[in-house]
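In this document, chain identifiers A, B, C and D correspond to the written order of the chains, with residue numbering beginning at 1 in each.
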């Protein structure tokens, strides 16, 4: 019985599709509820859908918890269930339903509740569980982690240095824009990432020169991670190729099909 | 006769160039007509050119439809013509002339008509039909489709997550800018793509911190597809090289060095 | 005598450095002259330097023209000089001094003169004449020319399509911003290149959706040429390596240094 | 004794961590001090921490100077100490404490002092001393230095050319925005780097056309260094692989297959 439930939850394509559809509809309903006019007019429908989906997700969570004994091979039943609760998908599933029950238990402030509801969005990541491409992308990012983090680190130092310098250069002229180093860092981020909102920018000659240098360095700050990731992708593609080539090489002809003589020392 | 028409339409360089010139002039005339002063002064000329080109394109379409029996090898005449009508170039050709005739048939609203005229621009894609480079670029994009779409998917989730979070952070302070999650998504797109129009940006400390994180992630969002495409291009170049090398290698050992028998039919 | 002049102009390091310094000082003086206060106060100095440098560049041009007979190996003296006049460096040299003499010959309008002075800036390209790196970069760009121009072409079509669509979407709401398709194209360029000045942006829902799509496509528009150039650079580096490897392979050991037996069929 | 101090400073993990923590806290305190309210309320604490950290860094510097005789192998004691003082880490260490003592010695102007305090931030680079990834990134940048600087050089020429042209095009219409070529260069930087603050942009047709061209070239200006860096990264990864492969290959044939003699000292 438990095994059948476990298999139904994880492999029945209708059930899986139903859950995925419900997740997406939930995100859409959350976005729609932020529109004042829509929330005003369709409040009962949105609220009803909210209750309906929380019930479904709660039942799903309980079934997953109950059938988690089939998820893992070793350990006691309680141990397996604990492992599920603290696993990444288990945590997401719990955080997706918890914000609905919490205010029923403890007299929570409403504003906190609203922020907690955000975790529901994490359910979308369930959709990516199976994807092979996602794993390729993530494995490339993981392999180039060291170089990427050093780039981020250098960028961070540069940001602190340039924003402090900019603060001293522009503070006198624009005390409201470059009020403190924090504001100058906001400028540094917008410039280094080449976003350039245009709410904060230098007006003095020295400030513009510094900003130009940082904008040019920003190009490098885009180029470096791109180069790192490109290289990691290429390496991955080549690894898969050479793995396949090695397998193919094992089946190469080493004897002449006509006389049976060993010709493995002939270069192919 | 039909075969001659078919060959004339598709291979006669003067006719082909004439059609391409007409397409480009049509696009220019459409752009010029959007300038109030130009439209006011040269309305008869633009209108006349419109009628003239629609007539030419209609005749061309009819001839293509009539001679479509030479386009495909198998099937009945009607089947071949249906295949042409529903083929991609056939659809573009039809949509390019249809908006002119539709209001004559059905009492259409004028505004809808104006939007339909846009399809005429798709004729330009005819110009790229022959290009080998376009095929290279498209084949690279097709091969890295899986990784590119997963990047887009992750970016989309990130966009929904960050814009919802941003809505709760900034809505209180800027209710007119971050009116709903839709507006926050507009900010998220502008930041993630590093466009940064500057019409919507956070003003609170938490909002600026979140925006900085998203702008930095945006760098990665530029770096990832670039890395994917770079890798796919390199793979394509190397494949073409190794294909050539394999062809060259096939002419190396064709006889067994021990018995002299022909082994050129063995795959190396 | 003529040969000595030719060698002096092209190889004497002091003369070459003097000319390069003069070019750079000329650019700086042109920039400084655009500052109203500086131009007001130091007008005689800037004007004097202008006359001085034009005299030097004129003498240099005459000497180059005179000694051009040593530049090329075949042809008559006049033919060689004509070849120099119409060569790229010869044209730049002429255009650099011509704007000064033209108003003396023909009663030209002053405004046209000012624009002609811009060609003087092209002299800077002389500085790059010898650089090997510049040739590497240019050869990479030349080799990936076909793919880069098709990308530009697709981007151009996309720009025309999206700006026309945007014009119909936003014209009603913002008739001053999206006045005509030309203005919409200005928005399309700013969005596709992710510059995002922020002077023109959509305000309607449909416009924002279209803008988001174009901004996302803009990422691809950055990624594609980068991928093409990365791939071309990699191919260039590998070509140089395999050329070197082929040269090295020719010197590989083919006989055992101890017994003198042929071991060239052993795989290294 | 001196050797023990040298080893304690450079290898004792508690001391090293303490110094790193102090550096980071110093940067944070510098940022916090720029907030008017925080500086007003916690001035004595920030000032006290300032004095405390300068004392620690001064003692560290004196100890490093004293034990520098163990840093280098050759030279006299004074020579070794001079070498340390003028080494890069030695200079950073000195510049980090000097701004505090200078006003005590010479009656310096306060504003100059504030700018000198910025060097303290350079201490953070100490953190990167050991990192292997930082060296990888730096070595990639160093190897592609020639191509990167030529790109920067071409970009600079383009910037001067386009900003001069833009000045003549837009000066008449927007004399306050495009006041001089310097201001036009500010626009050129913002456009070429695709930052696009939006404080300066063309309004005339010709200006917009030029800006569009520069923005499109800006894409290339992002693509080129990215391509160069990607290629350099790939080359580095492949070099490390082939180095490993060469080491593996060196253990393959070590004896002549004909006479059995040891030929492992022959380079393959």
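Basically, contacts are C-beta pairs under 8 Å (C-beta built on N, C-alpha and C of every residue); 3 or more make two chains touch, one makes a residue touch a chain.
Computed from a predicted model, the values in this text were never measured in an experiment.
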Equivalent interface positions on chain A and chain D, same or different at half: different
Between B-C and A-C, the pair with more C-beta contacts: B-C
Centre distance in Å when chain A and chain C are each reduced to the mean of their C-alpha atoms: 41
Chain centre separation (chain B, chain C; CA means) in Å: 29
Where chain D touches two or more other chains, by residue: 182, 190, 194-198, 222, 226-228, 230-231, 234
Chain D residues touching chain C - in the complex, by the definition given at the top: 146-147, 149-151, 153-154, 157, 160-161, 164-165, 167-168, 179-182, 184, 190-191, 194-198, 201, 205, 208, 211-212, 215-216, 218-220, 222-224, 226-228, 230-231, 234-235, 249, 252-253, 256-259, 261, 263, 266, 268
In the complex, chain C residues that touch chain D: 27, 30-31, 34-36, 114-115, 118, 121-122, 124-125, 128, 131-134, 136-137, 140, 152, 155, 182, 185-186, 189-190, 193-199, 221-222, 225-226, 228-234, 236-237, 252-253, 256-259, 261, 263, 266-268
Interface residues, chain D side, partner chain B - complex: 194, 196-198, 226-227, 230, 234
